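Order of writing sets the chain letters: A, B and C. Residues in each chain are counted from 1.
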Amino acid sequence: MTTAARTTRTSRPGTWRPAGTRAASGPSGRPGGGRGNLGRAGFALYLTGGTLAALVFLLPLAWAVLRSFMASSLVTQAPSASDFSHLTTANYSGLIQTNDILHYAGNSLAVAVGTGLLTAVIATMAGYGFARFRFRGSGVVFALVLVTMMIPFQALLTPLFLEMHSLGLTNNLAGLALFYTTFNLPFGVFVMRNTFLQIPWELSEAAAVDGASAARTLLSVLRPLILPGIATTVLYAFLFSWTEFVGALTFITSDNLYTLPLALLNMEYGSVGQVNFGYLEAGAVIAMVPCVLLYIGLQRFYIRGLVSGVVKG
Amino acid sequence: MKLSPRHTLTGAAAVVLLAAAAACSSSGSSPSSTSSSGSSSFGVNATGTVQFWARTVSKTLAQKLVSEFNATHKNLQVKLTLTSINDDVTSLATSIRAGDPPDVVGLNDIDVPTFTREGAFMDLTQYINALTYKADLSPGHVGLATYNGKEYGVPYWADLSVLWYNKTLFKEAGLNPDDPPTSYAQILSDAQAINKLGHGVNGFTFAGDCQGCLGFTVQPGIWADGSYLTSGNIDSQTASITGNQALVNALTLYRQIWTQHLVPDNDRTDNGTTWGQDFAAGKIGIMPGGYGQVVNLVKPSQLGSEFMDTPLPGTNGGYSTFDGGDDFVIPAAAKNASGAWEFIQWVMQTQQQDQYPALGATPVRTDVLTPAFSTANPEDAVALKALAKGYAPVTLVYDQMFNQAGGPWFQMFSTAVYDGNMSLALQQGQSGLTRLLQQAS
Amino acid sequence: MVLVAPAVAMVAIFVLFPLGFAVYISLTDWPLIGPYHFTGGQNYSLLTRDPQFIHSVLFTLLYTAIVTGPIFVIGYAMAMLVRAGRFGSVFFRTAFFLPFIVGLATESFMALLELQPDSGAADFVLSKLGLAHANTAWTVSYGLALTAICVFVIWFAAGLTMMLMMAGMQGIPAELYEAAEVDGATWWQKERRITLPLLRRNIALALIISVIGSFLAFNQFYILTEGGPGTSTQPVVMWIYEEAFVQYHLGYATAGAVALVVVIGIISAAQFYLLRDGRDQEARR
């Protein structure tokens, strides 16, 4: 047993604060974190280093956004200064008006939201079950759930299609959502199990002493502590369904049910395999928007989740 | 509470076996007809719905045809489903296995032999023989749908390869814009002249990392010389690569174009995704490409004035074209085969064929090439004229040869054109193709 | 027990059953269309003698070995940077995670465009910096393509590691660090003694996902190099794809897929074992 583990179990009540939150008497009084526990020089270093790194990560995407405002014929020529003076929204109007991309985005949204919610519910339940209870064969069952992550599902396409077809789940968005949920369960279960295992034992013990049933324990006492895990699960599941292509290609055959990746591909590809890169970049920007919004929206669960001080006695 | 895997597996296996058995025993079976007249008028006054699967690359054409048909046929409605890129063959095969195929499919013609060999499609020979224009149907398309003397499909639309050139650049380089190249030597000298113009212009362009594109545009020259890369009929083919002088000539032309830097540098890495865009931007003198490909890339006003096409020539003349595009086929287990045939016949009427050029396709009947057609669609008339001498390889290994990663066609092209080793290239091509053919039989 | 039932049921229906069916297919010569015959273990023995299959396996292993370390280290470092919730951390977090959000397939196309000689941004920038020729053809040479793809994938995936590490780091009580500071520990000592041991499970998750993802890599290779030149950059899943959907040898391809699943399973089990957390036992009732 490490020192850290022993300390965890005997942490004093009322002082449960996650690492990284502002010390109660921190030097900066600004809301939102301020400088935390860094000195002036440290903070400057942090800002510079962080900004440089962020730029490296953002630059390719920012360039792609810029490209999306260039006419497709220019996009495949060598970059030159004059490109910047000919910016146009033709790619966007082409996608939105001529090709009705928002309709397909709507399909994707329905599937992705459904998948995210369903995955969160099922994974949380299963994560809790695996973390708190040991039953015969639980190790084996957990392994089976994880096996899902390891399968290249290009290999499963034919058997899966035949099976889904006989279940009547092909060519409909609900069937696709069920399929996506299943493939996101391993990640979700893994994350939620980790989350539950990380919660100190005393919390659920304390609630049990108070006479709460298992379900009530889960919901009211543990909720704030498991929100980051749930947020991660929902985000991952949403992103997976939003960008998934091969499964949608196999199971959806009516073009009005196409999800965004399928629709975009069809809009972008020409008859001999040419790609309309202008459309591609613009399509990527459009596709990015809900994901970034969701991501930013979920950020509050990451900061606030553990700052609740619920441990008593 | 768990499913019993063994039980359901046996059940599923049984379903699959049944579907497979049905698929392979149904060649030559009579089609079911939902014609309300009840007589043996197949393809006349059919009723109900027709499930039509078309490839997305033919989207504009398919949508136009289907909406027009539905507007003029109150009792027979066609429901169009567009199959996504790269997926059309697998989804058709899986739907046949699942026992639920569409009624008519616009299948990529080079993929048809894979299916006819297994009896997956309805035998249409008697109905085709009844067509008055039977002799005018694209020979390349028909050839691909023929197996053991029976015909299992008819042409739907033609996606042909031609030699495009830029009239403006020709004039600039002092060449006659109405005298396009008709031999390899002329292609080379015209490209050299235009390349000298400088200012970002090149004489030639090709998709240097795109095996399918190269197969589409390089082979017609070989066929124009009367030579082919395989010999024998589909069940017992052999490779004819070594000693194939026409092939050597074609590869040598490209080698010369490459070493003389008559193409932009980024042609080497173009895997088809940017093919033709430099030509459409007016920076290229000569480009072998598809008719529809360029029509979809440029403005209608530029056709004929700035950009024009001519048939792909052989070494010293002659011409041919790659008969790409789709065939109409009717799966053997189709529920409304009669309706399907009625739709197919309607599409093949001259009235509909005349609409093809504007939608980026070439008609499939050579008798559509009237003077009126030529005047209205001069660029497509060029392609249509070449259709009569068109060809597409009838082989089971087309995809493996030309579209698969590491396939022998591209390996051969690469070794000959980029590495300059012709004898090694021919050796690789011969042994690679021979291996594929042996595996397939 | 009832809590885990829905998850197990879905996995059984949508994964285990088709997997069983797939195993059955791998024991046959299942063609695209037409009848099939049971061939027993023939496909598997063919695999062991198939040079292309073996090459693709080795290539996938090489690729995994190259990218796993950097993805983890960079992701961890980013998590350290952003976990404290200081001013600017949400912006940094979003920037680092954005490549993951946009998705690998779309970004592979963007990369395809920018890696073209002469017209792509990569050569433009590198030639201005004097690091490469303006007409370097990245996607048609083995070494260059592998380098470009590895850099690209690290850029894409590090953000996910960051998120996973960060969620775990925020669960560590602050007083542990305060106590260590009182003892005079440096940041590296705090990291090594406190954070790393407590994050074992999260590290395990991040590494397992990363390794599995590398083993199953497909999109970036398919889009950028199509496995070329020749088949030198062809990973296993692309080999499976070519066998199944271009050669139409579904039985043989499925055998390769089943073999891949087994290999991944073994490697993941090993990772689980090595990174197991002794405290798992205490949490059980």
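The rule we apply is simple: a residue touches a chain if its C-beta (ideal position, glycine included) is under 8 Å from a C-beta of that chain, and two chains touch if they have at least 3 such contacts.
The structure presented is a predicted model; accordingly, all values stated were derived computationally and were not measured.
Closest to the middle of the protein, by Cα centroid, lies chain C. Farthest from subunit A in terms of Cα centroid separation is B.
The interface carrying the most C-beta pairs in contact is the one between chains A-C. Centre-to-centre, using mean CA coordinates, subunit B is 37 Å away from subunit C. In whole angstrom, the spacing between the mean C-alpha positions of subunit A and subunit C is 16.
Centre to centre, using the average C-alpha position, subunit A and subunit B are separated by 42 Å.
Counting only residues that touch two or more partner chains, subunit C has 8, 12-13, 16-17, 21, 109, 113, 116, 118-119. Contact of a single residue of subunit B with at least two other chains is seen at positions 12, 90, 97, 271, 273-274. The residues of subunit A that reach two or more other chains are 76-77, 157-159, 162-163, 275, 277, listed in rising order.
Within the complex formed with subunit C, the subunit A residues making contact are 1-5, 7-8, 11-12, 15-23, 30, 32-38, 43, 46-47, 49-51, 53-55, 57-58, 60-61, 63-64, 67, 75-79, 122-123, 125-126, 128-135, 138, 141, 143-152, 154-160, 162-163, 178-179, 181-183, 185, 187, 189-191, 194-198, 201, 228-229, 232, 235, 239, 242-243, 245, 261, 275, 277, 280-281, 283-284, 287-288, 291-292, 295-296, 299, 302-303, 305-306.
By the touch criterion given at the top, residues 1-3, 5, 8-9, 12-13, 20-21, 23-24, 86, 89-90, 93, 96-97, 114-115, 118, 120, 209, 264-266, 268-271, 273-274, 399-400, 403-406, 411, 414 of subunit B touch subunit C in their complex. Within the complex formed with subunit B, the subunit C residues making contact are 5, 8-9, 12-13, 16-17, 20-21, 24, 32-36, 52, 109, 112-113, 115-120, 135, 137-140, 226-231, 234, 238, 242, 245-248. Residues 72-73, 76-77, 157-159, 161-163, 165-166, 249-250, 253-255, 262, 265-266, 269-275, 277 of subunit A are the ones touching subunit B in the complex. Across the complex, subunit C meets subunit A through its residues 1-4, 6-8, 10-19, 21-22, 25, 78, 81-107, 109-110, 113-114, 116, 118-119, 121, 124, 155, 159, 163-164, 166-179, 193-195, 197-198, 201-202, 205, 209, 212, 215-216, 218, 236-237, 240-241, 244, 250, 253-254, 256-258, 260-261, 264-265, 268-269, 277-280, 282-285.
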